[in-house]
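Heads up, there are several structures right after this.
You will see chain A twice below: alongside chain B first, and alongside chain C after that.
Take a look at the complex of A and B:
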């Protein structure tokens, strides 16, 4: 019996290796195509002379991207919006999470439940009334409008995740600080936050990537080039069904880099974050 | 007085009452009100955001769906007229069918592929962490970029797929992947699966690695086959993760309109029209905000069941 088991194990190993190869190809070919396209001249991109591998690699598409399109403006807008969203949701999240983790009050469970519920309500349900709201408040076409809309999903998310982490910070340290004359806020800033740096980093990068990658709100609440973010800017390379695939793929590649780098750094925590801690990663 | 709580008030006779139970009770009775006031103050910003940008829009969606409201004009109350019109519309029922197919097929494929990949990455192998990193990349890239990239791959004349198939000699005709009514939905689902599988792989792998090795070793000694080990150890241990992942992903898959918006815009002939995209087109294309709200709300009852179940599940799992 043990021999058959090790035999099947070897078999599964080889099946595993084969499937792994297939999955790697399936996963990576699109990225190959993206980068290859961005390195081709138009002649190699379209028509009968289209190539699978760039024969004459060129950075012309990138030059066009930077010189003839508002790409850098989009990047600037995305950065402003993602950084502001992150900063605000960190502050709001820390305050709320501390209250939920450490203080006793009526409605604590209800609020905690509300946070999860809010995180799960999809933006595609909210964008129509939010659009009406933004128009009424003249927040359409402003950075502030988008930031506020993004807070709607980053704040509940940050608060919930930080609450879980704050609970794991030993109570004794904080009590000692309180006895030494610290206020509650003082204890939060001097004791709890320094011990929660990894959680803060994770939450910050989650908010950043969510705001950076968001498309629906950005597409609906913004029309002007001055405010447009990178995700919606990319779709503008389609003009009346004529595509500029070279610069577009170049732009796609460049704007996928920030969230990708962030993800590679934080991949270990990604699972725990997205499932709000329901799956231990 | 909300933020400055005097520690002397908090711990009036810390050493005299050493038992934690007593101390907690005493603390609560003395400073309960201060503590509650401070808590509400700390929570205020987060609650305002949630009330203003989630709760209020949600309620106003209901009210909006009862109005005839063009973009930029004052709404007129029409009762249930929007819903009545919707339920007479053939496109609406086609959208219901499409959304169900799109979501169930997408989620099932992601589940199967994700579980397979997790099991493979759980085997001992050199460079496994490199493979894992590479396989997770689609998840980290913005969905718009993934969708645009695939639209370019599916391109009739110059896209990678036709280009490749013709070069290899598998076909001589140009295939219109996204414009062919028989192929369009399959293509959209393929992209959804490509982008969403890594999330399944990640959660399942996390679950697999949390199973104690001893269980498998004991089963091995008892002579249980690999398949039996999978059925009797792996599956039961992963059950909660399966459920959580599938529910989360169902919500995300069913409500994401970016794939359809960029790949097919619901075409050809509404073959790939799904709820969130129909709501988008109605509200912003036809500029009927009230009707658009009605479309998304018609879809909401199904969703709310999932959201409520999932909320309960997540609270339970993170509480202990």
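Take a look at the complex of A and C:
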């Protein structure tokens, strides 16, 4: 008997929901595992049977995290570095992307392509020469040094993504603003940027998470607790071949929250921006 | 397609700009290095106890003060084990390494061979002149071409961590030979909850350590003392590999999952009470001290059981290295000297609660080392212990063999691919020969 249209739709909906459920579990289980582990005593973590729910929940790992380690300093440093990287990436990304999308000058295409190539160079190739430069400029072990290093990969991506988006903004709107007496910069700020909020949200989110999660540069360029970020702080819970799972999972869980909050705040624009960026890029 | 003419002048200008852009950073680095302000930079790998870390930090500042440095002229950095090599590589390339850092075993010879480390033979000689001197076994790792390029900080023994409560429960003594060990394991284990032997067999460094330690007891070794002649493919090694195979396959005292373990696998197995015996540095013991004192009470630390060639224990050595590129070598040497003053040194070693074994023999006279029966065998282990590269020394070639997991691959050929031990050893021998030959050419 032929299946009705509504029946087929219902089937697809069920399949879709099933897939979503699998993806949801796939995404949330690691978070749950981190929380559960951080609430277990060491004996339970290393017990024969893995327990899904902590049998004797304890906050000992968090007490250790906050009282015996400079975790809050790591959070502060990560925040300073990620927020600054995001802000500077947005400014440079917008200006660069606008210039490449709208202005006509020699080498424009080369620069645009160069951006992609710059982004493609892996940090594992760059960290030694970059460290040499940082060292020469006395930027090792400073927030500024790390921010500058991160801009090396956030600005090209932001510029590239925004460039595609800016091209989709009708030129006539800008021309009208210019006719009305706006400068180029004024047109960018008053016309182009307000229309590009989804793309700005995407690049802001991207820059923030990249800077927040980065490990290699943070490990190589930073020595002191005063500048150390969360990602490198987490590794101090591994001493030789012993893992201090409780505080490490607690710290990992807490450090996953800020990008989550940023995502939730910008969610509406991020989804729209990702879709549009994909089409127009 | 349009054709663009480039003049010679334009070409030269472009070439000059490109040269400047690419070499500029290196010239800047040279300048910055020469201009580095007087500063003492110490990289500290975390110790097992916060107290040990604190004491070490205090001693750094104490020395700096005595050397006339201000607090702002001291950089005390806690550096994680993870990513240490990358961090040091970048610092060395940039000409800005720490003055002093803690280095593991073959790393001393690795960096010494590259000319990065200061000759500290005089400091080591001074230590040797202390009453009773230091353990000679700790010097193997720091000597390169007859000179010392590191100061041995601590001996790191690899005892068998044993569940003495289970032995008592079954009215058994700690086994003296590997044959007894197998029988003991069979009696006390109750798989899958508890296996007899948590031997590391994954593609990791601990496997090389565990396997070689057992092979020595059967007369095997990797390389001769000349650091050139590889002797992996020998009947003695084949006999040892057969014992491991039997423990894994026939007696089933080693859990099957061990072939997928990482370096922490045996730690986890013991800490979770799923293995009655493991061979590991005392990091497990130190962990239990903080996190599971009940299990620590049930734990004994013993020498490995004997094979036909006796009982031979593995040790490795941690050392302080002072880097040549730093502009104030006297500060670096002074700091190491300060750390190694027996009174200062003893405080740190004792604060690790058994994690580190002192290199000064006379420190074992202290009541601390007599306070626990677990420490009883440390002196003999430190006296007679061998590095994993035995009969060779921990050269860069030995380090490469360890880091590229040549021996773990051999044991997996036997346990996973069902190769006969001689065939697996032959392949392993060939690979090790290649590594040693290549390193000899460098």
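Just so it is clear, the second predicted complex is superposed on the first by the 215 of 281 C-alpha atoms of A that agree within 3 Å, B and C clash if a C-alpha of one lies under 4 Å from a C-alpha of the other, contacts with A are read in each partner's own complex, and residues count from 1 in each chain.
We adopt the following convention: a contact is a pair of C-beta atoms (placed from the backbone, for glycine too) under 8 Å apart; a residue touches a chain by one contact, two chains touch by 3 or more.
The model shown is predicted, which means the values in this text are computed figures rather than measured ones.
Undergrad: Under the stated touch criterion, which partner chain does A:235 make contact with: chain B (first), chain C (second), both, or neither?
TA: Both chain B and chain C are touched by A:235.
Undergrad: Looking at the overlay, what does A:23 touch: chain B (first), chain C (second), both, or neither?
TA: A:23: touches chain B, not chain C.
Undergrad: Does the superposition put A:46 against chain B (first), chain C (second), both, or neither?
TA: The answer is both, since A:46 touches chain B and chain C.
Undergrad: Now for A:223: first (chain B), second (chain C), both, or neither, which partner does it touch?
TA: second
Undergrad: For the overlaid complexes, name the partner, chain B or chain C, with more touching residues on chain A.
TA: Touched residues of chain A are more numerous for B.
Undergrad: After lining up the shared chain so the two structures overlap, which partner does A:68 touch, if you call chain B first and chain C second: first, second, both or neither?
TA: second
Undergrad: Of the partners chain B and chain C, which touch A:180 in the superposed model: first, second, both, neither?
TA: First partner only.
Undergrad: Scan A:215 for contacts with chain B and chain C and give back first, second, both or neither.
TA: A:215 sits against chain B and chain C alike.
Undergrad: Touch check for A:132: first (chain B), second (chain C), both, or neither?
TA: both
Undergrad: Which residues of chain A are in contact with chain B in one complex and with chain C in the other?
TA: 46-47, 127-129, 131-133, 135, 215-216, 220, 232, 235, 243
Undergrad: In the complex, go through chain A and note every residue touching chain C.
TA: Listed in rising order, the residues of chain A that touch chain C are 42-43, 46-48, 68, 127-129, 131-138, 140-141, 215-216, 219-220, 223-225, 232, 235-236, 238-243.
Undergrad: Of all residues in chain A, which touch chain B in the complex?
TA: These residues of chain A touch chain B: 1-2, 4-5, 8-9, 12-13, 16-17, 19-20, 23-24, 26-31, 33-34, 37, 45-47, 50, 52, 91-93, 95-96, 98-100, 103-106, 108, 111-118, 120-133, 135, 148-149, 151-153, 155-156, 159, 164, 175, 178-185, 209, 212-213, 215-216, 220, 231-232, 234-235, 243, 245, 248-249, 252, 255-256, 259-260, 262-264, 267, 270-272, 274-281.
Undergrad: Mind listing the chain B positions that touch chain A in their complex?
TA: Residues 3-5, 7, 10-11, 14, 28, 32, 35-36, 38-40, 42-43, 45-47, 49-50, 52-58, 60-61, 64, 69, 71-72, 113, 116-117, 119-121, 123, 125, 131, 133-146, 148-150, 152-153, 155, 157-158, 160, 163-164, 167, 194, 199, 202-203, 206-207, 210, 220, 223, 225-226, 241, 244-245, 248, 251-252, 255-258, 262, 275-276, 279-280, 283-284, 289, 292-293, 296-297, 300, 303, 307-308, 310-311, 313-315, 317-318 of chain B touch chain A in their complex.
Undergrad: Help me check something: in the complex, which residues belonging to chain C touch chain A?
TA: Within the complex, chain C touches chain A at residues 25-26, 28-29, 31-33, 41, 43, 46-48, 50, 75, 77-83, 86-87, 89-91, 93-96, 193, 206, 263-264, 267-268, 271-274, 280-281, 283-284, 286-287, 291-292.
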